[in-house]
Amino acid sequence: MAFATELGRAGAILWKDLTAERRTKANFNSVVAMAGLILLFFGFALGPDAKGLRSAAAGVLWLTVLFSGVLAFNRSYQLELDGNALEQLLLYPGERWTLFAGKLAANLLFVFLVEVVTIPLAGIFYHVAVPALWGQVLGVLFLGTVGFVTLGTVYAAMASRSRAREVLLPLLLFPMLVPVLIAATEATGALLIDDPMGNAGSWIRLLATFDVIFVVASFWVFPAVIEG
Amino acid sequence: MRPANESSSAVALIGVAQRFGHRWAIRGVSLDVSAGEVVAIVGHNGSGKSTLLRIVATALRPTRGSAHVLGLDVTRDAARLRERVALLTHDVALYGDLTAEENLRFAARMLGQRPSRVQLEAVLDQVGLRAVADERARTFSSGMQRRLSIARIFLRTPDVLLLDEPFNSLDADGVALVSDLVRQTRARGATVLLVAHDLQRGAIAADRVVAMAEGRFVEDAAGATAPVLGEPVPESPDVLV
Amino acid sequence: MSSVTMPESRPDRGAAAAAEPIARPKVPWWLVGLAFGTLVSGQVVGFLTSEPDRDMGHLQKIMYVHVPAAWASFIAFFIVFWASVTVLWKRNERADLLNAAAAEAGAVLTGLTLVLGSIWGRPTWGVWWTWDARLTSTAVLFLVFVGFLALRALTDDPERRARWSAAVGILGALNVPIVYMSVKWWRTLHQLQSSPSTVDADYVLGLRWNAFAFAFALAAFVTIRYRTALFALAADRRAEARALAGGSTDAR
Amino acid sequence: MPVDGRVTGEWPYVIASYVVTWVVFAAYAFHTWRAWSEAARSADRPEP
């Protein structure tokens, strides 16, 4: 019962963030535009050779997701900082982890929606057909995004309230994402060519391990991060 | 002066000090408020009165001293206190892209309630915003935004009600709304602490007026005219501020 | 008129604390001496006991500073992790000072490890940088330390700074083994040359000696930085006592 | 690069690595000393 009430609070935050975003779409449109730009520019940097583009596609896709997604996290807290809604948020009864659960769910959904647009675009630009193992590719996308968004949600809670927040968030976040970037890129790259060496499995396990560790740790540290 | 008895006092502060970086917003204050009392804290900007309220509301951990509300420690028992204490924050704390109804619905859900549209409209009606229930809070005047933030208080029946500058940008009707709220809260035996730099004449019947300056109390006018305000003689037994 | 309490002074310990002199921090000279002595002697021993390596020749001698620096930075990260957990668990402000001291020393040591690895890599592999698992994960470690210190520098409120850097410290420390594993697998799959990891028995004495020397140096630096911070905290407390000594008022 | 399986011309790199180590230690020791003396000075300073 009590747990259901707490989940209800997380649901309220998710609903509130998505409603606000649905109204303006300002965040979504700019992040998707940024993702498109990054995809295009990597294409220019890599050259028009179709074979080279195809082999670079997995890495480019993940970098695009990371670089464009990171723009969203600070904004998700900007909503709370305008009019000092955060103080009110912290004064509601209930557990603080629900705030994290709500923010995490909202950010996850947001980044998934960005990916829905970005991934087909990457497929077109980089000449990648729908792979035979598309189910596993989706699994990698899910696991990689969960790891990325979990840490992004924690670090943005700090960065958005500090000076120089635009610089601080990537500075804190990106070094932490090295395992996500490597594992997700390797797994995606392998799966796009039907995983001939059977490597994807161990990378997926690494991603899953990363996710479990950091989801648990983030729920633990977040109450200390968000207060005051 | 009487010793702070934590169990019988609604609010008991002893030697509370609050520091922000190198600045001391509160430099050691002690306050004892009985249950059912209405206490007004007045003072200029930066005198520390809002900070004091935020400590009582568990929004800040006091740097020094002890603070108990309803017998509970504001630092240790903060989670339990939040169920029984409500703060009308200085900022309106609204989401501009949500409608009035949605802002209120969000607050209700954060309080663990599942209100129907009709219930929410009834509350909006109380603060005079029913007509604009489906308009975005961003389009509201500051007075309307203030009313909407007051509507959140109407969702609850707190044992301690904290009001930070409740009259800000309110018209005469709005001021009457707040004074009604205070009267009703007092009538059901709950405690009210309110903070204002400019108390509107006759708006609040306070049992006590406390003045703050530079992080300390400078006056404590219990049942008497508060000299700092230069207000006329009150009607017994309350202080009309 | 009933009781109007006017400002009164509270003759509490604050007034006494305001006048009290603060004890100067003691520099642990024995530790500084030990660190310096073992560093110098360790390097002499290293040079005397190590014949040129079959493949690397005299380059092997870089191992006596490179590897201990890496090990010492790992110790620093353990301290950061432990101090961070203590900060969040006990809300202990002294643990935060230790956290800052260890992170700063750790950043210096990881930075040194990177530069030394680069100097070693140039004649060995012909490049200044290689995507070796250890070098790469040390670089990530360095960046985590840098982020930690940047966050501290950009956060003013000491209480908030303590909580935030503890969160970054815990998450960063948890990530170290995962980063190392991921980089190692990544490299193995790419079939590049591996780093010289087997240590010949001739080099063990010099390596151990230098490892202790770097650990002592780390201990000396962290101790002095920590005591400096404690000292600053005591001075701050005195200033606080002065600020509050003007007396508090009661309204009861 | 290895010639006959053995690296040559290695001394400059060995010397450089030890010089770098001592320079870094000296610089950090200086930084530590300066922070210490600054804290000591501010503690001695009377409050305004």
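Letters are used for the chains, namely A, B, C and D, taken in the order the chains are written, and counting of residues starts over at 1 for each.
Assume contacts are C-beta pairs under 8 Å (C-beta built on N, C-alpha and C of every residue); 3 or more make two chains touch, one makes a residue touch a chain.
Treat the numbers as computed from the prediction; the structure is a model and nothing was measured.
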Most distant chain from chain D, judged by the mean position of its C-alpha atoms: B
Intercentroid distance (Cα basis), chain D paired with chain A, Å: 40
Distance from chain D to chain B - Cα centre to Cα centre, in angstrom: 56
Geometric centre distance via CA averages, chain D-chain C, whole Å: 15
Residues of chain D touching at least two other chains: none
Junction residues of chain A - those touching two or more other chains: 228
Interface hub residues of chain B, defined as touching at least two other chains: 61
All touching chain pairs, where touch follows the definition stated at the start: A-B, A-C, B-C, C-D
Chain B residues within the chain C interface of the complex: 1-4, 15, 17, 19-21, 24, 27-32, 61, 64, 208, 210, 216-224
Chain A-facing residues of chain C, complex: 88, 140, 143-144, 146-147, 150-151, 154-155, 157, 159-160, 163-164, 166-168, 170-172, 174-175, 178-179, 181-183, 185-186, 189
Residue ranges of chain C in contact with chain B within the complex: 1-7, 10, 12, 156-159, 240, 243-244, 246-252
Interface residues, chain C side, partner chain D - complex: 22, 24-25, 27, 39, 43, 54-59, 61-62, 65-66, 69, 105, 108, 111-112, 115-116, 119-120, 122-124, 126, 217, 221, 224-225, 228-229, 231-232, 234-235, 238-239, 242
Residue ranges of chain A in contact with chain B within the complex: 5, 8-9, 11-13, 15-16, 19-20, 23-24, 79, 82-85, 87-95, 228
